[in-house]
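The structures considered in this document are given below.
In the two assemblies presented below, subunit A is common to both, partnered first by subunit B and then by subunit C.
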Partner chain A sequence: MLSQNSLLKRTWPMLVQCAEAHRKPRWLPVAKSKIYRIPKRPVISEDERLELMRLHNNYKTQMRSIRRFYHEEMIKEKSTRESASSEMSQRLEAEEWARCVELNEKWNAQVAVEREERRKLEVAALEEYALKKIEADDIKLKERIAKASEEIKKQKELSSTFITPENLDAAIDHALANPIDYNFAIDLKGNKYEGRDTQIQYTKAKEEKSASATA
Partner chain B sequence: MASATTTVIKYVGRTTDFKGKTLWEIVGSLKNFGVGRIIVRSVFERYPEPSFMKIVKVEACPDEERRRVRVWVEKTFRGRKMPQLTEIYRTSYKPDYKLIPKNEEAKLLAGVEKAHDFPDVILPNSVEMPPLMKKFIIKDHEKKGLEIMTDFTMPISYNHSPNRVKRIAKGNEKPTVAFTMGLGKPASPSLYEGVPLS
Partner chain C sequence: MSLPPASGTGRYFARAAKSIRLIRQGCTNRPFFHISVTHRRRLNSQPVIEQLGSYDPMPNTNNEKLVALNLERVKFWLGKGAHVTDPVAELLGLSGFFPIHPRSYMTAWRNRRTERENIAKLEAEQAKAKPPAS
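Moving on to the complex of A and B:
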């Protein structure tokens, strides 16, 4: 039976062909089999060493010069671009600002005209309302005065019947002479019979009805 | 037992160019931290002119895996004395320092006669551009609508170091050394035998 691991081991190189498949990853420690391997120091002759040093030094100077040349060029270009763009943008900004101010003033004038008209209308409406209210109040006051004067007149007329200390005895006498009995009775038809001791005159039909009702 | 016999140490592994002790090993065992004494880095002993350092001030540092120490020195490199004090800290752990015994100090100081100096050499400050770069620039200028360049030179940029001894030309000074973008003059022509150089 094939284990999964062995299968993977066999198929892995077939699927993926790495250029440095034989290398260990950088972060792994030295392999067990290589612990005691001591790499030999390279031996370089004096002539070769001097020539290599010269070549390397030259190369480094050349590359540094080229790199710095391009770096400085880039900085120069950037600064010129920035200064140009900043000038342009400043002019554009000023223009935009002036345009905005103009437009704003136009709007303000328009709004002012509209506001004046509206104010006029509003003031007129207020005046009208106030006048109306004053008129209505006047009418109401007049009505009230009229009502009150009428009441006064009525009371004045009634005042002749008022009981005063002068005619108090006469009023008492009158009251005693004419006692009023407020008791009353009502029959089924709604007839009112005043007085407690009033004798009721029954009609015939009434009698029959009452007799049948009692029977 | 075998206390009288000295043990033989055999080193296994990669070899190193360093030879000597770390700076702390030297300075920590000396009186007054060795101020006034002279030390040498053995790597710089490959030059014909003497290079050495005189200790001026020492500051101890905490003991870490690679023990360092902060030392200020008067440095003489290839016979030229540096105008300012040099601080050694980052490289002080390297086992490459050597203490000069007091009886040899005078000999070393007397050896400072000829300095590593080239007063008559003037390095060029500009160089002709390489051919492909010229073509690129011509094309680029055509594309951008700029005027076509006729002077195909650019400044050479050198590394700046306190150890620089060769002077760089200023302005229109005439250089005494040629520098091109090509192969240049070989340092050891024996390697190019039978190879046409042009």
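Moving on to the complex of A and C:
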């Protein structure tokens, strides 16, 4: 891919429109009909010629002086540019540098003060945040401790009902004496009938239906 | 592709002779010229070193032929020893930067002469046409 720069900086145009496109080639001889044609020379009268010569001489002299003037000006400018590295300019440059350094230091001091203020504010904010966090953590811990102590109290209260090796036999006896049946059934209405051997009390409509079915 | 910048894109050789010349940039039947610095031996179709101005030879609605010139750069290139072609020298002369070019004087007096001759011819014709009428 050609870059635009390469297109712009090319030394030869991409499209050359040459004058030969509508002219005959250089190597062709003069046309037969034009062999004896002599181009007419422009006629300039003597007065006009002398006047033009005078004008041209004047013009050339003036132009020469103008050219020399610009050339000398250019040389002068060049020399002033080169003399920019002289002692005087170096001194000026040093002064400028010192001034710049001073200004820079002033700015630095100003910025340092501002930075210190900002830092203090930031530290204060950080401290506040930390204290708040510590307080919140304390409260949370206290809450947890309270919750745990409550739980312990509850468990202690419950511990009187625990089965221990001492009252294990009594508990077994009690359990054997009072069997509990967890089986149950549910009817379509969601009524729960506990026990394996519980008798179901059918409703009246059901009985009628069943009776009609048998009949 | 965008147009090349006025600072020019042509290659620059310090020791080669430069010339400030008109370079035709218009299209068919619409001449328009750039005033450019380029190497003396370079074709007008080739990229220039720098464009110094423009010249529109077709008069606009106010009957003006507009010329734009960057005189600072013209001074710079003259200081560098650039040659100036006759048409550009004429334009610079009319702009007051150079003395008036002799060719400008010549065209002026020739135009005046032809005008005088035309007027004389017209008068002669009128004089010829009058006697039979009177």
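Going forward, the second predicted complex is superposed on the first by the 119 of 215 C-alpha atoms of A that agree within 3 Å, B and C clash if a C-alpha of one lies under 4 Å from a C-alpha of the other, contacts with A are read in each partner's own complex, and residues count from 1 in each chain.
Keep this in mind: a contact is a pair of C-beta atoms (placed from the backbone, for glycine too) under 8 Å apart; a residue touches a chain by one contact, two chains touch by 3 or more.
Please read all numbers here as calculations on a predicted model, not as lab measurements.
Colleague: Taking the superposition on A as described, I'd like to know which of subunit B and subunit C A:39 touches: first, second, both or neither.
Modeller: Touch partner of A:39: subunit B, not subunit C.
Colleague: Just to be sure I read the superposition right, which of the two partners does A:47 touch: subunit B = first, subunit C = second, or both, or neither?
Modeller: Touch partner of A:47: subunit B, not subunit C.
Colleague: Applying the document's definition of touch, where does A:56 land relative to subunit B and subunit C: first, second, both, or neither?
Modeller: Second partner only.
Colleague: Is A:74 touching the first partner subunit B, the second partner subunit C, both, or neither of them?
Modeller: A:74 contacts subunit C only, not subunit B.
Colleague: State whether subunit B or subunit C is in contact with more residues of subunit A in the superposed arrangement.
Modeller: C
Colleague: With the two structures laid over each other on chain A, which partner does A:66 touch: subunit B (first), subunit C (second), both, or neither?
Modeller: A:66 sits against subunit B and subunit C alike.
Colleague: Is A:100 touching the first partner subunit B, the second partner subunit C, both, or neither of them?
Modeller: After superposing on A, A:100 lies clear of both subunit B and subunit C.
Colleague: Do subunit B and subunit C land on any of the same subunit A residues, and which?
Modeller: The answer is residues 48, 55, 58, 62, 66 of subunit A.
Colleague: Write out the stretch or stretches of subunit A touching subunit C in their complex.
Modeller: 4, 7-13, 16-17, 48, 52, 55-56, 58-59, 62-63, 66-67, 70-71, 73-74
Colleague: In their complex, what parts of subunit A are in touch with subunit B?
Modeller: Residues 36, 38-39, 41, 47-48, 50-51, 53-55, 58, 61-62, 64-66, 68-69.
Colleague: Quick check: in the complex, which residue numbers of subunit B touch subunit A?
Modeller: 12-15, 127, 130, 133, 154-159, 179, 181, 183-184, 186-188, 190-191
Colleague: Show me the residue ranges of subunit C that touch subunit A in the complex, using the header's touch definition.
Modeller: Counting only subunit C, the residues touching subunit A are 1-2, 4-5, 9-11, 45-47, 75-76, 78-81, 89, 98-99, 101-102, 105-106.
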